[in-house]
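Some structures are shown below for you to check.
Two complexes follow with chain A in common, the first pairing it with chain B and the second with chain C.
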Partner chain A sequence: MSTSTDNNASITQESGPSAAVQDIQKKIVVRTADGEVFNLKEEVAMEIDIIKTFFQEDSISYETVMPLPNVEGWEMVKVIEYCTKHVELKHKVDGYKERKAFQALFVQNLSTKSLLALTNTANYLEVKYLLDFLCQAVSEQIKNKDVDYVRELFGVENDFNDEEYEQVKAEAPWAHENLNNDLH
Partner chain B sequence: MKRGFSMAEEGDNKMKKLKVEEEEEGEDKIEQQQQEEEVVIVQGPGFTNLDDNLIFEVFKHVDARTLGMASCVSKQWHKTAQDERLWELICTRHWANIGCGNQQLRSVVLALGGFRRLHSLYIWPLTRPSPSSLSSLSSSSSSSAPSSSSSSWAAPLKPVVAAKPHARWGKDEVNLSLSLLSIRFYEKMNYSNRGPGR
Partner chain C sequence: MGLEAVGDLALHIILRKLGAEESGRAACVSKQLRASASEEPLWSHFCAQELHLSQPLDPHGNLAPSFKACYQSWRESFHMYPWSLVKRVKRCWGKITNWLTLNFPEAQSTLNKGASEADIQELEKTLKVKLPLPTRILYRFHDGQDLEDKNWRSSSRNGTLLGLIGGYSFYDRMVNVCLLPLHHIVLETKDIMETLDFSDYIVVAASTTHSQKLFFLNCTSGQLYVGTANLLLDGEMLPCVPNALLNSVHDRQQDAMLLWLEEHGRRLENGIIKLREQETMRSICQFPEEPPFCSTAVTSGVQVRCSSVFVPEFTNLQDTIQKYFFSYSIRMSLLPEGCSINGMTFNSCQLLSRHWVIRAGDVVVGNVNAEAVIGKYPLLRPGEPEFVYESCTPLPSLSGSIEGSFVFVPGRLADPKGRRFRVQAACFPLQLPDYIF
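Right, the complex of A and B next:
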């Protein structure tokens, strides 16, 4: 209690859950694969399940810098952006429009390659609502497109031979009709 | 902020030990994951491929036509797109009160051939009529006599739902499509019992 005046004092406190006694906003520090270090607000950090689990261990103090070897710096920026907004909207009564507008902007300048990378990251970090949103965004990119377009977009190789391809195509021939002309 | 960073550096030395442990744990987890999934995450030249689980998650959001197309992209995509749960989602998405519990519906449909087949045979043709079927409304409804081929059963029903292709399906339409599925199932059963003569 005597050292509570300094804003950053919480970081220099003795390790262990006793830091919870302070009601100053705590920060959690993570380091991504490329060596970038991020200071997250506790409430945002706790949205990321893998971080939450890590710091729930009694032996881990908030002084610890958590390594995230599978995450790039730019991905972390995006994740923090999304989670911060999510936390902000939690306290709002009717944030639907705002959320939609934010989501549109969020993916606007992302290439497909980046979108896929970010989806993998959201899966690794275990942020369910972000993963859900990103999967939906990916699905938008393949709706009503033909097979070749999708293969190129995702960099997926065709491992069917001609015969096999005709076989699988025959399972749902209606799926290949009038694709890009579809008004729906 | 400065303090935060310097603490990070001090924390580094403490972290080195933890990091090694964390990496070992991480490796174990990744190995476990690789064993569980048949397909390993392949980082092709410059592209990020998704593993089976993530592809499944993406597929949960697509419509029927896209799913049908997706099953032709590659063997991995094909395997994932065949999943009955995805087709169940697609079938039931636009169904209003179906008159029975989901688990009940699931057991019946799976026993009769599955949601994917249900959709392909009886839901898709009825919700997306081609221009030619609309013009043959009057000619087919009166002339189709009951025959052994199950496809003719579908013809007189087209006028019923052709008017509203995207409406939510109610109990009647659902029962109809389920009836057609069971008829087809039993027809096939009979043929195999009686042999090639019939």
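Right, the complex of A and C next:
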């Protein structure tokens, strides 16, 4: 049994370090190509495999700022946004609807160019589920569209000559039905 | 930043999600995309997903040089049909052939390879019909069964028991239904139409045994019918597939033949019907093995399982009393623990008599109390295979039931070891089914 002073001491002891621990949650720092610096919560940073490998493989101290020369600032913002949500939903039992709503919003204002850039970044950063989601988003933009539409949408050059084009087309005649052509 | 710059992995994932058709189209966008859309891992995935192929086998069963070539060969071979329907038919056959390979390989080997478009057109010309789309595709995959065509309708009682649909036997009647190959369809149809003179019907399935049981496909409506006892007299037939299901899909993308085989495959897969071994002969048995159509009861260690099957070829819709005909199968066995009565255990028991109450709806139409079962007094020993017997009964209505009991003696009839006891046979239904096989 303790005296009241001891009680106070023990109470302070319990509330002190635990509160402090919450504040001192580990952060990982990265710098993107445009010089922007980002502080990531450890649990979010560990979702990004390239970061996880960098710090864990050689036990590099978290004080080191990891350079990400292939990533733009705005892309990092989006990746952090997605991974944070993913971590949050991990602990939820029935997060399906919430995830779907979030995903819809996430790509809503992304231009096709940005979508592709982000896909490339997700690939580089090795965030599997983000890459999968972005690829799904890209595929939905191409679905049922004809070849010209796809070229225009993605800014791709047609490097076939007429003869080559006809040849490729003839390889899979069954691929050129069911088209949604009227959307320009 | 264009599509091509997202990297190979991302491109592969995008193409996978797009599917085979879209990937085929993506190949026309640019040279780089063509390369990405031609990679083997992509087409290996599509072959697995759409055609359940783990090897690049073309429609003739030969190895194609690549998965891409394999997929292309399937599309080309079936280009005249809606691809979704082709996939559905392939799944249907897949279910059946998987079960056969595992459980009844001797029947699997009787399945012919697919008929050609030319073969089908030949039949259509000869019989002056147009086969419904799903049935055409079914025959493109397998042209019925090859059952030693010399005398598959042999004069011997047994014929062959390798019919895909199987059947039943009771008293001296044995039925085993197989799928006819195209050239037999022509022969059987011409033969029966001399009597019936129906246009647009073709015979697609029949019993290989002496007993006549014929299945007809109506090429206009797509419905499948089975002949009743009045077939030759009046052309009387019953539909084999629920009409509502048949009419539920527009543009003829399902017909009774496909629905019928899909249902059959489902029953085999789920163990609702199983293989029966009678002496050394094996066949697919149409008596249900699972609840709710098969009842089970255990009394004093004696297990009795009962189920019935509808017998259309003995059904006579014009008769008021003996209208619907059913056969039933009773399987009895003594559990490994032996026969236990009042705390005493016996290691055998023998049947003395049976008691059956047959109902049409709720009305009792039969009450039998007699010795033996089909003239036999089965002796049961613990853990031995089931004693199975079949009998039959007509019913004035399309729905009814049978329940009853057996009197057994512990030990043997010639040497009873205790008092007689009654063993329950739990109630089981007699019901005109929605699918008739």
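In this text, the second predicted complex is superposed on the first by the 150 of 184 C-alpha atoms of A that agree within 3 Å, B and C clash if a C-alpha of one lies under 4 Å from a C-alpha of the other, contacts with A are read in each partner's own complex, and residues count from 1 in each chain.
The rule we apply is simple: contacts are C-beta pairs under 8 Å (C-beta built on N, C-alpha and C of every residue); 3 or more make two chains touch, one makes a residue touch a chain.
Please read all numbers here as calculations on a predicted model, not as lab measurements.
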(message) In the superposed model built on chain A, check whether chain B and chain C fit or clash.
(response) clash
(message) With both complexes superposed on chain A, which partner does A:99 reach: first (chain B), second (chain C), both or neither?
(response) neither
(request) Examine A:131 and indicate which partner it touches, taking first as chain B and second as chain C; both and neither are also allowed. (result) both
(message) Comparing chain B against chain C, which has contacts with more of the residues in chain A?
(response) B
(message) With both complexes overlaid on chain A, does A:67 touch chain B (first), chain C (second), both or neither?
(response) first
(request) Give one of first, second, both or neither to describe whether A:39 is in contact with chain B, with chain C, with both, or with none. (result) first
(request) Pick one for A:143: touches chain B only (first), chain C only (second), both, or neither. (result) both
(message) With both structures aligned on chain A, tell me which stretch of chain B collides with chain C: 7-15, 25-33, 43-51 or 187-195.
(response) 43-51
(request) Would you mind listing the overlap between the chain B footprint and the chain C footprint on chain A? (result) 113, 116-117, 119-120, 123, 131-132, 135-136, 138-139, 142-144, 146-147, 150-151, 154-160, 165, 168-169, 171-172, 174-176
(request) Spell out the part of chain A that touches chain C in their complex, as residue ranges. (result) 113, 116-117, 119-120, 122-123, 131-132, 134-136, 138-139, 142-144, 146-147, 150-151, 154-160, 165, 168-169, 171-178
(message) Please output the residues of chain C touching chain A within their complex, sorted ascending.
(response) 1-7, 9-10, 13-15, 17-18, 20-31, 33-34, 72, 75-76, 79, 83
(request) Spell out the part of chain A that touches chain B in their complex, as residue ranges. (result) 8, 11-12, 27, 29, 31, 37, 39, 60, 63-65, 67, 69-70, 113, 116-117, 119-120, 123, 131-132, 135-136, 138-140, 142-147, 150-151, 154-160, 165, 168-169, 171-172, 174-176, 179, 182
(request) Sort out for me which residues of chain B touch chain A in the complex. (result) 1, 3-5, 7-8, 11-12, 14-15, 18-19, 22-23, 26, 41, 44, 46-50, 53-54, 57-78, 120, 124-125, 128
